[in-house]
Each structure stands twice: as C-alpha cells, then as structure tokens.
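Just so it is clear, A, B, C and D label the chains in written order, and each chain counts residues from 1 on its own.
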Amino acid sequence: MEFLVITAVKLALILFVFMTTLAYLQWVERKVIAHVQVRMGPSRVGPHGLLQPLADVIKLITKEGVLPPHVNKFFYLAAPFFAVFMALIAISIIPFGTSVTIPAIHIGSSTYGPYTTMMELANVNVGILLILAVSSMGVYGIALAGWASNNKYSLIGGLRSSAQMISYELPLSLAIAAPLLGAGTLSLRGIADTQAGYMLGFIPRWAIFQLPFPQIFSFIIFMIAAFAETNRIPFDLPEAENELVAGFHVEYSSMTFAAFFMAEYANMVTVCSVATLLFLGGWQPLWPEAYGSDFIAPLIFFISGAICIYHGLNPARPFDRITLPVFGVIFFGLAGLMAFPPTVPILMPIFWFLAKVGFLLFVFIWIRATLPRFRYDQLMGFAWKFLFPVALANLLITGFLVALFE
Amino acid sequence: MYKLWLIPALPFIGFLINGIFGRRLSKTVINAVAVLSVVLSFLWVVKTGFASDWGAKELHSHYFTWIQSGNFRVGWNYSVDKLTMIMLMIVTGIGSLIHIYSTGYMAHEEGYYRFFAYLNLFMFFMLTLVLAGNYLLLFVGWEGVGLCSYLLIGFYFVKKSATNAGNKAFIVNRIGDFGFSLAIFLIVVNFGTLEFRPVFAAAPGKPVETLTAIALLLLVGAAGKSAQIPLYVWLPDAMEGPTPVSALIHAATMVTAGVYMCTRSAAIFTHAPIAMETVALIGLATAVFAATIGITQYDIKKVFAYSTVSQLGYMFLGVGVGAFSAGIWHLMTHAFFKALLFLGAGSVIHACHGEQDMRHMGGLRKYAPITMWTLLCASLAISGVPPLAGFWSKDAILVATYQHAPWMFWVGAATAGITAFYVFRAFFMTFLGEYKGHGHPHESPASMWAPLVALAALSIGGGYFFNVPKILSGMFPLAEEPDNPMLLAVSIGVGVLGIAIAYYMYVVNTELPARVASAFGSLYTLVYNKYFVDEVYDAAIVHPIVEGSTTVLWHGVDQGVIDGIVNGVGYQSRGIGGILRLVQSGNIRSYATWVVLGSVALLLVLGIAKGAF
Amino acid sequence: MEPSDALKLLQNGVPISWYLTLSAVLFATGVAGFLFRRNIITVFMCIELMLNAVNLSFIAFAHQHRQVSGQLFTFFVMVVAAAEAAVGLAIILTVFRNRSTLNIDEINTLRN
Amino acid sequence: MDLFAFLLFAFIAVICAVNVVLQRHPIASALSLVGVMGSLAVLYLLLGAEFIAMAQIIVYAGAIMVLFVFVIMLLNAGTEERRGRSWLAQILGLPAMLALLGLLCFFAYRSFPDAGFAKFGDFRGGTAAEVGMALFTDYLLPFEVTSILILIAIVGAIVLARKELE
C-alpha cells in the first residue's frame, strides 16, 4: 500500500518538475541561441522573459486546433500523443540520485515510516534495453503524423525521420553496448554505481575515463547518434523548414503541435540523462568529497546570488532593482540548503546529476546555434559508412580488452 | 635445412607477381621481377651445389604428404643428387641467360607481362620436374611444362597457325602422357610406391616382362615430350612461339625432360634389354629422319627445330646403348649450343625485321658481326669439331654405340655429317653472300648479344670442362675409353666433310643446290614436305577419329540415347504434372486453406495415435 | 469454477494452459487473417502474428520447464522473422512495382 | 495480482489481434499488431523472460513493424479492394480455422492440466546474463548460423528492392 502512495508522490513530483523543465528548456534554448547570435532573446514577458514559457503555453492551449480536411482523423490525433507518451515513459526509469529516507512520523499513537525510497520511479533491471525499446517506438509518432497529415511535405518528413531514426539506432545501440561490457549490468542504477570511486584517488572512475578502454569514443558516437535520434540540428531533416516547410508537423497546430515540441525536448532530456548515467558516472561527483566536492554547489549558488545582489544594487534596467535581489535571495537560500548537513547527502547527487545533464543540454543547444544542416544523402552515408563501422570497431576493441583484462 | 623448395619457389613468386599485377607494372619492374627471380634461384642452386658438394652428398627433403590412402603415400619430396645437380645448373643457368635475352627480344611485343609470367611458371614446373623425388611429382612438373609450352607456343594467339601449333603440341603430348601415366600405374601396382629410391632398389628383383612394359610405356611418354618418332611432329610447328621460347623450352630444357626421365629410370631400363634396344633404334631413326628433313628446309627456325629433333635422337641413342652419362653429357652441350643457335637465329630474325626465310637473308656478316661469330661457334660445336662442346659428347655417344653395334655407329656418323651440312648451309645462307632481304639489318642490343657471348663461351669450353661421365661416374658405369683413332677420325671427318660440302654448294657454286634438287625431283619433294608425315597422320588418325566421334558418339550416343532418356523423362513428368496441375489453382489463399486442413488432419491423426480422444 | 479454484488462482498465479490457449487464439486469428484478407501486406502481418503466438507458447513452456532454451527459440524465431520481413517486403515492393497491385488474388503467375 | 495483469493484457492482445484481421486499412492493422506485440512483451515479463520481452519490443515493434509501416507508406497502400476468387477459402476457411483452434486448445488443456502455474518471479532464468550464457555456449552454432542468415537476407533484400538501372 505504502509503495503505491510513495510512488504516487514521486510521480507527481517528477511530473511537475519535468514538465516545468520542458517548458523552461525552450526559454533556455531561445536565450542561449540569442546570446550566441548576440541578441537579447525573449525579454518582454516577465523579468528576462522568464514568464515567456507560461505565455507560450497559454497561447498554444487557447489557440484554435485546426483539423485539416482529408486527414486520417484517428491517426492524425493519435500521433502526437503517442510521441509524448513514448517520450515520458523513458523518463520514468531514469534514476537521478541515491536513496532518500523520510524519518518516522508520529501522529498520535500511530507511527508512519521511516520510509526509504530510491530516487527514481521504477528500477528495471533491463532499464537500458527499455530505453532503447522506447526510443525505437518513438518513430511511430513522427511517421504516423507525417502519413496521417495527408500532405506530401509531411509524408516526406515522416519517411525521412523513420529512415533516419532506424539508421541511427544501430550506432546508438552499439555505442551503448560498449560501456555495458565494462559495467556488466543492464540496470541504469547499477551502471551508475559501477562508476563510483576514483583512480589514483582523484580521477573519477567514469566510463569515459574507465580502464581498460576509456569509452570516450562511444560517448562521442552516442552523442552524434542522439542528435539524430532527437531530430535536432544538424540532423533535423524531418522538419527542414526551407525544403519541407517544417516537415512532419506542418499540418499541426495548437496543442498537437505543442505535443511534438514537448516530445522533442523530453527526448533531449532523456538522452542527456542516459548519456550522463552511462558515460559521465551519473551522480558521482567530479572529484572526491575529501577534496571538498560538496562545497562546490553552495559556492556556485552563493556567488551567483552575490552577483545578483550586486547588479540589483546598481541596476542596468529599472526593474532589475526589484527582480535581481529576489533572485539573489533565492540563490542564497539554495546555497544554504545545499550546505545544510542533513540535506547534503540527498541533494549532492541530484546536484551533480542535474549539472551534467544541464551541461549536455547546453551542448545540444550550442550546436544548434552553431552548425548548418546535413544533406539527406550525407546523413545516411554518414550513418552507414562512417558511424556504424566506427561504433562496431569500438565495440570490438572494448570487448577484446575487457576479455583480456578481466 | 638446405631449403630446396626455394629453388622452384622463387620463379613461382615471380610468376605470381607478374601474372597478377603485371598488367599494372612497368616493363622495368616486370623485367626486374622475372629475371631476378630466375637469377636468384640459379644462385641458390649454386649455393646448394657448394653445400652438397655438387650432388656428391645427396639431399632429400620431405615437405608434406600430398596423397595418402592406406599404406600408399605420395609426399611432396625434393631430392638432389649429381644428375639433378647437372640438370638444375643447365635449367637455371640457361634459363637466366634466356630471360635476359628475352627482355631485349620481346621489348616491343604485346602481352609483355604475360610472356614473362608464363616463362617464370615454366621455370617453376621444370625445376619441380627436375627436383622431384618421386614419379608423381615428376609427372606434375611434366604436365606443368607441357602446359607452359602450350601457352607459349600459342603466345601470338591472334595467329591461327600459332594456336593450331599449340593445340597440336598439347594433343600429341597427351598421347605421350597417357603412356607415362600408364607406366606410373604399373609402378604403383608392382612396387606399391612411387618414390624413386625404393622403386630403383626393388627394380632388379622384378620380372623382366614387367620392367619391359614399364620401360616401354615410359619411353612412350619420353617420346612424346622429347619429340621422338612417331610423336615428333609437334616440335617443328612449335616454332610458331617466340624465339626465346623455342630456345629455352623447345631446345634446351623441356624437350630434354624425356632423356632426363629415362636416365633417372636407368635402374628400370638397364634390366629391360628389349626396351633399351627399342630406345636405341627409335633414337637412331629419329636422328637420321629429322636430319634429312633439315637439309631441305628454308625457314631458319625450322632447320634448327629439325636439328633439335635429330640431336634428341642422338641422346636417346646414347641412353639406348647404355651410355646414360654420355646422353646427359650431350644433353648439356646440346643445351648450350642449341640454345645459342636459336638465340642467334632470333637475333638474325630481329636483325631482318622478322624475316625467317633464309632465302631472303644473307650477307649479315657485315651487319651483325657478334651474332655471326657466336653462331659460328655454335655451328662448329654442333658439327662436332674438336675441341668444341659438341665434339666430346657426340664422340662419347658414338664410341658407346660402336661397342653396342657397329652399324648403328656408321649411321650415327653419317647423321653427324648431315647435321654439319645443314647447319652450315643455314649459316652460309644467312651470313655470307649479299643481303637479299628488305630494310636495313642491324645488330641486336646488348641485352641480346651478351647472352649469346656467354653461351658461345659455354659452347666452346663447356664440353671439355664439364666432363659429365666423370662427374656421374658414381651413378653410371664409366664407359671405358678405347683410344680407337679410327672412330675419332671418322666422327671428326664427317663433320668437316659436311661443312666443306655446304661451303661448296652455298658459297662457291650457288646454283648447284637447285640442280641437285631437280636431279632428285621426287625424292626432294618427299623430303621437302617432311615425308608427308603430317598428312599421313591426318588421314590415318585425326580424320577417322573426328568422323567416328561425329557419327557414333555425337549423333548416335549423345543425340540418340542420352537425349532420348532425358527427353523421355521430361515428357513423362510433364504428363504427370498435367494431371497434378488441376490441384494448383494458383490462388495463395486456397493453398493456405489446404495447409490449414492438412494441419488439422495431422493434429487429429496424432491425437488418435496418442489415444487422446 | 467454484470459489476455491478462484482463490487458488489468486494465490498461485496463472495456469500455463491459459497462456497456451491465448497463444492458440492468437494463432487462429492469424490463420483467419491469412485466409480472409486480400492485401498481401496484411497477410504478411498475419504471418507475423502467428509467429508471435508461437513465441508466446515457447516462453510459456520455458517457464513451465524452468529452462531458458524456450526463450532462445523465441530469440531465433525473432531473428528469422526479421530476415523474413526484410526479404518479404522487398519481394512485395518488386511485385508492386511490376504488377501495381497488392491483391494476392491477382498475383497468380504460378497458375499459367 | 499477476492474474489480473494476465487477463488485462491477454484481453488487449486478443482485441488487437482481431483488429489486425478486421481493419480495412493496412496501417491500422500494422498498429494493432504493434499493440499485440507490446502486450505480449508484458506477458513475457510476467513469465520471467525480461530480456526476450525487451528484444520483442526492440526487434519486432521497433524494427520489423516500422519496416512494415514504412513500406505501407511507400506504396501508399489504401484500403484493399474486395475482389476474391478463392471459393475454397470462403467455404472451407472458417470451419477449418475453428477446428484448428479447437484442437489446439484441447491439446493445450490436455497436455497441461492445472498442475502448471505461472507466477511472476518464481522463474528468473530470463535475465540477459542467463540468455547470453546459454546463447554463447550451447547454442553458439545456431547463433552464428542466424548471423549468416541475416547477412543473406540483407543481400537478398537489396538485390530485390533496388531500382533497375537503365
């Protein structure tokens, strides 16, 4: 019984955080790209455009959902929600931290707890396979959308994306298989745990550093394939604006359109989390607590808070006088929370995990701001003629060395 | 240890390189590969010679078991003794010279790399043949050189005559190889092994009839390979091939394989007197026969070809009268001067822009002096003028023949005279008098005349310095040398006489030949047309076989019986199928229904069988 | 079934025979599709359905005998199915390209 | 607990399977088939074959069916036309199918009386480790042979499906 309750609580919590993240990821993306291109980015709605996502959501919900004629209604409507569904399933098995224990509560005579639970929704011991399965199912959403729209652009987009995702799933799987050889387990938590500890006392035993064969290559291959899996630039041919007028979701509007965006960002987050768990040691800090890795988080928040206060005291824009100090206070609060001993063992793993995921997401956005788009034949040729062989070779070498040294 | 395998392996590597990549390689590279591979194997032979004290210490190396069935096994064995050593030296030494010569001679030919690939392959097989430690391996080499000879005769495959000559050589050799293989079977049956040493050790104990049969069959093989009566017809046509090929394969090495094989099998032959007698007679007959034909030919290469045939006859004569070592001696010297003759002829043809008819040559003395002097050495050597190479070996054979049967000696001596005559006839027609050809003849490049000089030196001194009977005295009884001045005088005298007549007829009194020819009109035409042997064979053997197989085998057996059976089966099955096709509606879903019904029936049957119901 | 059986079910889980029955039903459905559908792609999918049904019984047997072999058979069936799908769809493509129809009743070249 | 799971997913599977047959449009059939496969994967999990369950989704639902959908879209196969000439199938098909079903169920019950019960978690032989161990020891040869088979299939598919170059 309590299992159900705890799960429900975690579910609600994660769903809320995750959805907010998705909404704000868009804001972050716009901001980052803007600054890369030396623009302001969204800055009207709320301080620094912080309310922009909210506004977008409201706009998308209240917009009229156009249902084009001659479409296959069922699939036309089913496709976006299928996509979102698949994207959200994956999140449910991502562990993002160690265990948390809620001390026993005494209400009257009856005591509840203490409850100890892992920081994840479900611990599947074939988790990584499940991730692969879900990502392979993700194709349907896009392909169906493209086909059901009854529009040649969207059909081409759909076909392209299914071909692209099928092609890039092989290097992706192979790149995932390589670190698994070292880890010896398929459970995501288990994989993350095998990367705990340090070599020579300070080099983290993450997969990308791990002996006998550092998985840096498979990490790179994984990231490239991930770009293709999530249809991001430079592999966003399914929605190539200038040739396919936004590809498979050209016919979609309002909530259905938003669903595809949610799916895309959710997939990004999933992929980055998987990359973190597989290659970057999950929630293992970059250097040992002995050398004060626990103090880095409070330090960062304290400094940022200080900066905010400083800028609030002598503001560049009028409303900074109000907003920035507020942020500063919030940051100070976070810093204090991070430094508060009882919460440290709970928050530190989450901090490190989110830091790594955030960094990878930043890389995604950064590349989108930087690189041009591939041509379709280049894309396929790259997948089959270069990426796949390299991934295969990497897997072979890894297997050989693992067999040799273990 | 001694790495004997390296000797044939080197040319084989050359063959692989040139054969596979030759198309892309430059001529320089091809030359380097082809020549170096052979020269290296020659050097390795020399090293082996020093290591084995020139064969006095026999080397036997077994590399792997090739065939094994029951207690009968054939290994890939190479072995070296004195005989092998001599052959190795001849093959690789002359082979190297001819390779060098070819680089100059073939310089402007099509399929350059193909030529050298074949040549290297030939070297490989020839060396395998010589090194073989058992009959089967020898047979491998035997067939291999046959193949290469076929390929190289037909090298100019755009010329119909060349391809025909190739086929002819191949087919005629098949007859000989048939005999050889029969001989091998007999040996397996009677000796239970093919290795030389056990066979020869056991040979004396065997009944004479068996040995005679084996020896005669071996002789058939040898006759095919070494162009003896009645299988000599392919060799003259083989001159369609490039001249270096004629020199290497059809004069120096391959055609002497028969002699080598008979000598190698001496242990068998010596215990089969009848076979020996046959060998001697065939050899003598061939010698005379070919020599007479040689008189009348005008194609310079044909002349030398017939002289080759007759010299081979000499060798067989020597083998037949028991003077094996003399035969080998003559084989060696003949390799020297006949190779020289052919290369010289090649040089002449080169000089005359491909002209081969001697009537359009003459007066080359001025244009190609080196060729002339070297050819002169060769001609004197073949005519048995002392102290050149030919004299010693030929004299040894004749002496042995005299002890065997005087009449054979006289015939042989006469043949020697004829030989001298027609060789010098060719020489005078080519070099003296006035140039009657077209274009401006010129001396050949150094890459061509250098080998000529080397061979000339060998033709002069080779016979005296390499006294084969002494070298081989361990293996074969050294024929005691009765200082019979009469024989010596005769064998020298006929040679000189022949030269003198040739000089008179073709230099002093040049219209005499025509009158002689008209005087012996019918005889002359007979000889000029090579006794119509080819025509006779054609009428007697080829035509009947073609006719017979066309009528009986083709129309009768194949079309009648076999096709009848096949078609009958076809008709029957078509009839049955006509009935069955009614079931085949061609509709997949009907088929599926049948399948389902069938599975239901199967389940029912199984259930009933298991007593489920 | 009387309540005791129901209770037993709740405690012990699912009888293997139920799994087998399910697989039989699925298989029969596949057969039906094969028999009554005309679109060659649908027919092909019905074949896949039958394969899946058989896989289910394999897994059930594996569980029954506590052996992994049955699951391996399923694995091999999957591999074969993948190969079959690749080739089969390629054939369908060619057929469609040549005859421009997907109706198996019209694809009866074997007949004459 | 897992009785309900079984009933639920068996129900879904059957519904989807019937849907595969009844749907007029290939795409609909294909997606129903995906549903069948998904629910079967859950049943595999119940039977303790977790690796095979995942493989089922990845290979079948994720690769093979995607291929089907792909081809259907490529050929733009519409709802099928209803012209049939197989009287045999029309007449004998249904009874034959029912007979087969009946026989199969009969044998299923007869060969496995209530003795065998499948409870979630009392057979853990289906982990990736177990499967891999068996696959690379006892079943190594079949495994390698399947790889050859796949290769042949790839080549065959390419040869068949490529455009003839005029």
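Criterion: a residue touches a chain if its C-beta (ideal position, glycine included) is under 8 Å from a C-beta of that chain, and two chains touch if they have at least 3 such contacts.
Predicted, not measured: the structure shown is a model, and the values here were computed from it.
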Inset, instruction - Decide which interface, B-D or A-D, involves more C-beta pairs in contact, and give its chain pair. - result: A-D
Legend entry - Rounded Å distance between subunit A and subunit D, as computed from the means of their C-alpha atoms: 32
Inset, instruction - Find the geometric centre of each of subunit B and subunit C from their Cα atoms only, then give the gap between the two centres in Å, rounded to an integer. - result: 71
Inset, instruction - Could you grab the centroid distance between subunit A and subunit B? Build each centroid from C-alpha atoms only and quote it in angstrom. - result: 82
Legend entry - Contacts with 2+ other chains: residues of subunit C: 31, 35-36, 38, 105
Legend entry - Shared interface positions of subunit A, touching two or more other chains: none
Inset, instruction - Hunt down the residues of subunit B that sit against at least two other chains at once, touch-wise. - result: 585, 587, 589, 592-593, 596
Legend entry - Touch-based graph of the chains, sorted into line, ring, star, complete or other: other
Legend entry - Contacting chain pairs - touch in the sense defined above: A-D, B-C, B-D, C-D
Inset, instruction - Within their complex, state which residues of subunit D touch subunit C. - result: 2-3, 6, 10, 13-14, 17-18, 20-21, 26, 29-30, 33, 36-37, 40, 43-44, 46-49, 51-52, 55-56, 59-60, 63-64, 67-68, 71-72, 74-75, 77, 80-86, 89, 93-94, 96-98, 100-101, 104-105, 108-109, 112-114, 116-120, 123, 125-126, 130-131, 134-135, 138-139, 142, 146, 149-150, 152-154, 156-158, 160-161
Legend entry - subunit C residues touching subunit B - in the complex, by the definition given at the top: 31, 34-36, 38, 43, 104-105, 107-112
Inset, instruction - Using the touch definition up top, name the residues of subunit D that touch subunit B in the complex. - result: 84-86, 88-89, 92-93, 96-97, 99-100, 103-104, 106-107, 110
Legend entry - Interface residues, subunit C side, partner subunit D - complex: 9-10, 12-22, 24-33, 35-39, 41-42, 44-46, 48-49, 52, 55-56, 59-60, 62-64, 66-69, 71-72, 74-76, 78-87, 89-94, 96, 102-103, 105-106
Legend entry - Residue ranges of subunit B touching subunit C (in the complex, touch as defined): 584-589, 592-593, 596
